[in-house]
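Encoded as structure tokens, the structure appears first; notes follow it.
A, B, C, D, E, F and G label the chains in the order they appear, each numbered from 1.
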Amino acid sequence: MNSQFALQSLILRTAAHFLLPLLLIFSVFLLLRGHNEPGGGFIAGLVAASAVALYMFALDIRSAKRVLRFEPRDLLGWGLLFGVISGVPAVFVGQPFFTSQWLELTLPVLGELKVGTPLLFDVGVYLVVIGAVLLILLSLAEAED
Amino acid sequence: MLEFSIFIAYVVLGISLVLIFFRLVLGPSLPDRVVALEMLATLTVGFIAVYTLSSGVTAFLDVAMVLALTAFLAAVGFARLIAKGGSRDDD
Amino acid sequence: METLMAFTVGGLFAAAIYMMLRRSIVKLVIGLVLLSNAANLLLFTQAGLLRGAPPLVPEGAMQPAGAVADPLAQALILTAIVIGFGVLAFAVVLIHRAYEVVKADDMDQMKDTDT
Amino acid sequence: MRLEVALPVIIPLFFGALTLILWRWRLAQRVTTVAGTGLMLLSALWLLAATWQDGILVMHMGNWQAPFGIVLVSDLLGAIMVVLAGISGFATAVYSLTSMSRRHEAFGYYPLLHLLLAGVNGAFLTGDIFNLYVWFEVMLVASFALLILGGERAQMEGAIKYVTLNLVSSAMLLSAIGLLYGLTGTLNMADIADKLSYAEDPGIITVIAMLFLVSFGIKAGAFPFFFWLPASYHTPQVAVSALFAALLTKVGVYALFRVFTLMFTQDVDYTHEILLWVAAATMLTGVLGAAAQYEFRRILSFHIISQIGYMIMGLALFTPLAIVGGVFYIMHHIIVKANLFLVSGLVYRLKGTYELKELGGMYRSHPMLAILFLIPALSLAGIPPLSGFFAKFILIRAGVEAEAWWIVGVALLVGLLTLYSMIKIWAEVFWKAQPEEYADRPAHGSAGSGVLYLTIGGMAALTVFIGLGAEPVYRIADAAAHQLLNPSLYIDAVLGER
Amino acid sequence: MLLAVLSGFLIAAVAPWVHRGLGRHSGWALAALPAVLFIYFASFLPALGETDGGRIILEYDWIPSLGIQLTFLVDGLSLLFALLISGIGFFVVAYAGRYLEGHRDLGRFYVLILAFMASMLGLVLSSNLISLFVFWELTSITSYLLIGYNHEDAKARKSALQGLFVTVAGGLALLTGLIMMALVGGSYELHELLTSGDIFREHDWYLAILLLVLLGCFTKSAQYPFHFWLPNAMAAPTPVSAYLHSATMVKAGVYLMARLNPSLGSTEDWMLLLGLFGAVTMFVGVFLSVRSTGVKQVLAYSTVMALGTLTMLIGVGTETAMLAAMAFLLAHSLYKGALFLVAGILDHEAGCKDFLQTGGLRRALPVTTVFAGLAALSLAGVLPMFGFVAKELLFEAVLEAPALAGLLSVFAVVSAVMVVAVAAIVGIRPWYGPRVDTPKTPAHEAPPALLAGPVILASLGLLFGLGAGLVDQGLIAWAAAAVYGAPVSPYLSLWHGFNLPLLLSGVSLALGLLLYLNWERFRRFTGFMAVVDRYGPEAAYEKAMAGMVWLSEWQTRVLQNGYLRYYLLTILISTVGLVMVTLFTRTHVHIDLDLSGILVHEAFIVAVLLMAALVSVTTRSRLGAVVSLGAVGFCVALIYVLFSAADVGITQVLVETLTVIMLVLVLFRLPGFLGLTPMVLRIRDAVIALAVGAMMAVLKLAASTTRYADSISEYFIQESQPSGYGRNIVNVILVDFRALDTLGEIVVLALAAVGVYAMIKFRAEDRK
Amino acid sequence: MMTELLVEILISLFLLAGVGFMFVAALGLLRMPDLPIRLHATTKAGALGGGLLMIAVGLEFFGDVTVAAKAAAIIVFLVLTGPVAAHLIGRAGYFIGVPMWSGTIKDELKGRYDHKTQTLMSPPGLSKTRDEQPKG
Amino acid sequence: MIGPLASNILLALVWMGLTGSFTGTNLFIGLVLGYLILASALRDQPGFAAYTGKIPKAIRFIGFFIKELILSNLKVAYDVLTPTYYMKPGVIAFPLEAKTDAEITVVANLISLTPGTLSLDVSSDRKVLYIHVMYLENEEAVIESIRYMEYRALEVLR
């Protein structure tokens, strides 16, 4: 049932089942509010990566990968692409690269919301961080298996 | 009153920090050191709490929050190392 | 405080350098970690030290109420920490691989490529 | 808003991300890589043309005014460097099409290549000192990864030295930036220069300049900081070696040119005198290092060092002509050194070894390759009418004008010893008969050599062009030097007329 | 003109195909080029006559910004050389086509010889100093490739390198000299500089320029002590020797000295340097020539003698001397070209490479014998050959020399004696006397292609001797005038009446023949020279090269020693040195140790931080060190937090934790710490480490006392919310104000991850 | 005024109690004779100390729900992760045979780990009796 | 238990939407209101009844737990702060009542948090919890108190 890699601990495994969603929701929370409070894509990404790393230690590598759903490598690519692309829309309105573009949305429940390219950028950072940290950790773990 | 308490709290935490540090140095086993590291993380949470009180800025609680939630991962890592027999040639 | 931080930074640099001068490749890693901490701390303290004033704007306000710590330096350090982490990850695995290939934790056995 | 200033950075970043996403599809990666580097080259040429026509161009990234946001600045030196990066990047990409092993392709060669170029171009174009550090790191980590691609023992050994020493350099750079930020409260290089020009008691600046000197000196491979270079440059795949040889150290040289013309000009008599000694020692130790070597790429690696010395000599003499010489030298050297490495790679491909003692008979068997070696080799040694001659000529003339006799003597002597090494390669690899005992070494195949010849031939043609058609090249270098020696042009372009 | 000069290169580029297409006739076909060029250059003669030895200047743009132009100067001197180059070139190319027939590399040979010819033409015709130098170096390179023509022979490669190295070394000195000349004279154009001799002679740089230029000329023209490369260059095929070492390459130095005489000459330094070096070279050359037995060696050393003679004459500097020099130049080119080609026939037909193996070939090779004899007579300076005319003038010039007349005369006479012996060796020894078994038995006389050169060149020697006036009024006089810098009244003639020079000629002829008869004894008698050779210039060259390689190996051992820690030590000590010296010499900052304002818990944290760092450094347990690092990390995070950096604190904590995890994952397989270093070295390292730490601390303190301006961060604080729509200023900086930094930073992260991935997967693949 | 003082005293009490327990944990960590006993000290006193401090913080910013939520979250996180870490570390000590204090009177865990498979056996007597016990 | 909790949260969100205020305070108010509504309106529904009934139990348990925590912490503190060691440590095997992974984990962690006891590990057959006990003078009494704690905890969980 368990791979060679993980710690064979029922307590940790169970705790991980509980902590994983907690860490992930916490990470999204940190990402979304990062523009206004401490947090942001980088920190959020690290927390998310920690969550998966915990799963890796507690369960096994395969489960950890299943949590992630994507290859960490692809996350790197998409994250970078988001990061680069978020700088491009400005060019179409005749502004320099990475000039932030904001959209004011009025949503039914959430009310007025400012959505801008910096957020897209932060999401790119988030994805890259998750991808990078997990690519490193999972490769290292797999190397041991 | 509160200021004085905070001062005392800082001093006590400072002394605690040194005590923890000694355990970290003395070991003697790796798990002993890891306990010390865990405790250091907890103590850092304590520091941040006192600092929040003394500065009146609550933003630092976020640091404590992250710390409380993730610091034990280091212990997990060490535990796994030991479980795989990685430290027998050490210490 | 500036003086104390100067000593701290100096001490960290010294520790890092000492470790990097060892023959054991494992120690090299430890040196690298210390080095990156030292440089970050230097950058941090050089921008001025201010207690209890994070660079945050209170909700509803346009600017912080009083003086706040230098946000730019903090942003720079964040970037530097992340870069340092990436580089360190690479270095750690590199050393791991080098050990596997050379089968020794001794830098002196890694000098064949030079001459 | 000038789009072209940012394109040489944005394009490789974009293609880096794209090739990462296309990781599993080798063919797609190859196609996009050639397209991407080609596009980058075009954008670089566009940028150079625009900069030539309209003077220093600035893009305020994010539309934040300088000195607050990060600016990308294209002065002629920057634009020239970007074009050179474009040329070497494109050549490497094309050369890689047939020479790169599947193993490398499967583990990120193409994304690494693009991102390395992004780092290099970022470093050339940024007008922000911290951003320069960031691009340096991008370039370094990309080069780390490219260096170990293959996983051989020599690569690991070399990489450890490369990584360690460059990290020391980065830590020093970061510390120096921290100190400078503490002093000036700004990161924009033009702004720093501006503020320093009003500074009272600028002695401490000179001290910090020394840290920059060491840090960039390490990255440039200058004496006594070059050790990582000969330890590692001969270990990766040859296309990678070529790219490294052409570009990476030059980014260090570029940075030295940038900071020691723009920011650290308070105490020129002192700082540039030190640079001059560094230049001389770099030239000599590099060229002497090569004379002892009998491995194709090691010889070339050591020569990188000695050539760096010439470039620094141009900066150190700090006369208009000397700066022209330095810039000219950079242009010449990037093309020539990349080409020599590529030639060595083709030799390896055909003969299966880089050891001079095991090689031979190639003048007979591959006369075209022999000529294509001889052109860059003689150019490197400064034989007229190839590019290297004019590079050296300008520097020597500048040295004579400045009456810096000893550095002129060193430069000449080093030129002679460079010839010695190049002739050694020529005699051993091409003239000498193939030694019997190594005759049956397995070749790595000659299939697809056509593309390789094309690349090498194109680069050789450039070398000849820079020599025979030195006039336009000189004029560009001259204009670049003019901008470098008049920092107010740069400062005004970035900060606006004040 | 441009086309004329460059045509050699153009034809060279297609020569292999011409060769492939025309086969055995390629030699004659390609020889058409020099022939055409000869005619072209000859066509300048009338024009030059009209201006009475004046000059024609043709200018083409090349690199005007640098003052480097393709300017060509046609006057007597350059025309004389151009005619010699193209004329002899014609015979050599034709000769080579036959001589090397069937040789697999003949096609490449044409390329090189034509390129060489073009370079040589460019050299002598250039008026721009730098283009002259360009062609100068081109002759070095092409001649390198020609000397090493038999490149699979190690000796040929070595000789080629020697020639190249010596001439290029001199060339670099020359370049410097030329640049200095241009700076002094304000132009790179010879035709402008030649009229401004006084500016040079009075300038501080004069001696430096003179020495540098002469170094270039002496090496190229094989003056003592740089003469040794020339005989070794005989490794080249014979046509090359004939061409390079008679008419062209080696005369480049002579050409340049002659050319620059109006600018740099007429000073005591000039006369002494050229006179003495020329005389010594002349003597050494001929002496070594007589001592040699190899066919080409004898000829080569006699060339050294001729070059010395020319140098000496240019040094003497009188009108007569210039006339003598030009006449001697022409004479030498003719007979030496012929003799080398004869040497080639000897080799080609009889396989002879050494005079000791020759004898009695006159029956087999009658035509060769006749014209070899004719050329040898000119070499010996026997009436009525042109060589005689030249020698008479030579004696006259040295006897009248303004300085050192006696010394030079003695050298000249002694040399003349030995030259006669050399001429006898060449002109008599192989042909007459008993038939000696040669490696090959010549079946018939050499073919026309081989004979054309010797026949015509030797005949010209006779023709010009008989009709000295043929060349007298025109070319030689114009050339001498160009060298002299003023019109020269020509008086070349075969017969000047009984005078001292004639007497000396007679004496030297007699003594020379005597020497020839005692050749064996002379060689035995001078056997001690072998010892001298061991300490001679060539040995010095070899020693220098070996020394350079030794130095290089030593330096590599010392500097590039493979030990990372020594690299680090070097870098760090240099850094500390640079920074500290600068700090103490260029600043007057005071460092003020202010320990006030420290809160007690901060002191605790810093103390623990430093102690933890110390532990991580000193502990014998590697995992203990990792734990200590974790402690350092938490303390640093605390410092960030205590000084208001929340985001940084969080990041530090997370990164620290992940670092520990990563280290733990990796250290798993690594061994424990080893105590590899003895205590003394550890103390040394500790001292260096502390020095670096102290440097950073001092720097930080020194920089803290100064602040030139307020930080730009105030802008971010003000604008974060209004313009960036974010209240976390740090994050707004990261994703907006300085997004480019962050973009770079994630690229770094992605790259590191890819690198790690590749490293690990490579290993996985290798294991499979 | 009076309430303010009272609140201040209350906060001070929580604060001092909190750091007091922190101190106990630290001292225990240093003073206690073997690994499990040290774990006792840090796990509980750490969690309690941290909790008390967070209550102090919550009181100081009374009414600010965000702060209260954060403080509560920190307590929850500490309580969640501390015991897990303690379990892992204590177990790890067993794995590598960290010696127990000489005053230890009983060790039922000794010798029950199979290092190879990382499995832990139940004591022979207990597993049987367990099924017989009533649930509830 | 998940369904009612989700309902509670949903109610809180609706409350926030209705009041148009997205602050933490308002969320808290919403949660309490939602709970009250659920507890009163749906008290007959079995699923919801269990949920609403759990809350008081949980609160009681927390109270109990905090009391234990403080009391035994003081005991340890006393031992730590005084020079002599009073403890009699030992490791015991505690037969678990808890069945599921979650129950076992919660119980084990609670045991760890109450001073004097520290869960070291669970046997691989999940039947026995090995506990390090600091004051093992009376093993029966210790086991009894642990069992009581387990009982209280399971009460909330099941």
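In this section, a contact is a pair of C-beta atoms (placed from the backbone, for glycine too) under 8 Å apart; a residue touches a chain by one contact, two chains touch by 3 or more.
Predicted, not measured: the structure shown is a model, and the values here were computed from it.
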Common touching chains of subunit C and subunit B: A, E
Touching subunit B and also subunit G, the following chains: A, F
Most widely separated chain from subunit C, with each centre as the mean of CA atoms: E
A-D or A-C - the one linked by more C-beta pairs in contact: A-D
Maximum centroid distance from subunit B, chain identifier (CA atoms): E
Distance from subunit F to subunit C - Cα centre to Cα centre, in angstrom: 32
Whole-Å separation of chain centres (CA-atom averages), subunit C against subunit E: 50
Between subunit F and subunit D, distance of the C-alpha-averaged centres to the nearest whole Å: 58
Chain centre separation in whole Å, for subunit F relative to subunit B (CA means): 13
Touching two or more other chains - residue numbers and ranges from subunit E: 556, 560, 562, 564, 568, 572, 603, 622, 642, 644, 646-647, 650-651, 654-655, 657-658, 661-662, 665-668, 671, 696, 700, 703-704, 711-713, 716, 727-728, 730, 734, 736-757, 759-761, 763
Where subunit F touches two or more other chains at once, by residue number: 20, 27, 39, 47, 66, 80-82, 84, 86-88, 90-91, 118-119
Interface hub residues of subunit A, defined as touching at least two other chains: 7-9, 11-12, 15, 18-19, 36-39, 42-43, 47, 50, 53, 73, 76, 80, 83-84, 87, 98, 100, 129, 132, 136, 140, 144
Each pair of chains that touches, named by its two labels: A-B, A-C, A-D, A-E, A-F, A-G, B-C, B-E, B-F, C-D, C-E, D-E, F-G
Residues of subunit B that touch subunit F when the two form their complex: 1-2, 5-6, 8-9, 12-13, 15-17, 19-20, 22-23, 26, 29-32, 34-36, 38-39, 42-43, 45-46, 49-50, 52-53, 58, 61-62, 64-65, 68-69, 71-72, 75-76, 78-79, 82-83, 85, 87-88
Residue ranges of subunit B in contact with subunit E within the complex: 7, 10-11, 13-15, 17-18, 21, 24-25, 27, 30, 33-34, 36-37, 40-41, 44, 47-48, 51, 57, 59-60, 62-63, 66-67, 70-71, 73-74, 76-78, 80-81, 84, 86-87, 89-91
Partner subunit E, residues of subunit A touching it in the complex: 34-43, 46-47, 49-50, 53, 72-73, 76, 79-80, 83-84, 87, 98, 100, 102, 114, 116, 118-119, 121-122, 124-125, 128-129, 131-133, 135-137, 139-144
For the subunit A and subunit F complex, residues of the former touching the latter: 7-9, 11-12, 15, 18-19
Subunit D residues within the subunit C interface of the complex: 130, 133-134, 137, 140-141, 144-145, 148, 151-154, 156-161, 163-164, 167-168, 170-172, 174-175, 177-179, 181-182, 187, 227, 230-232, 234-235, 292
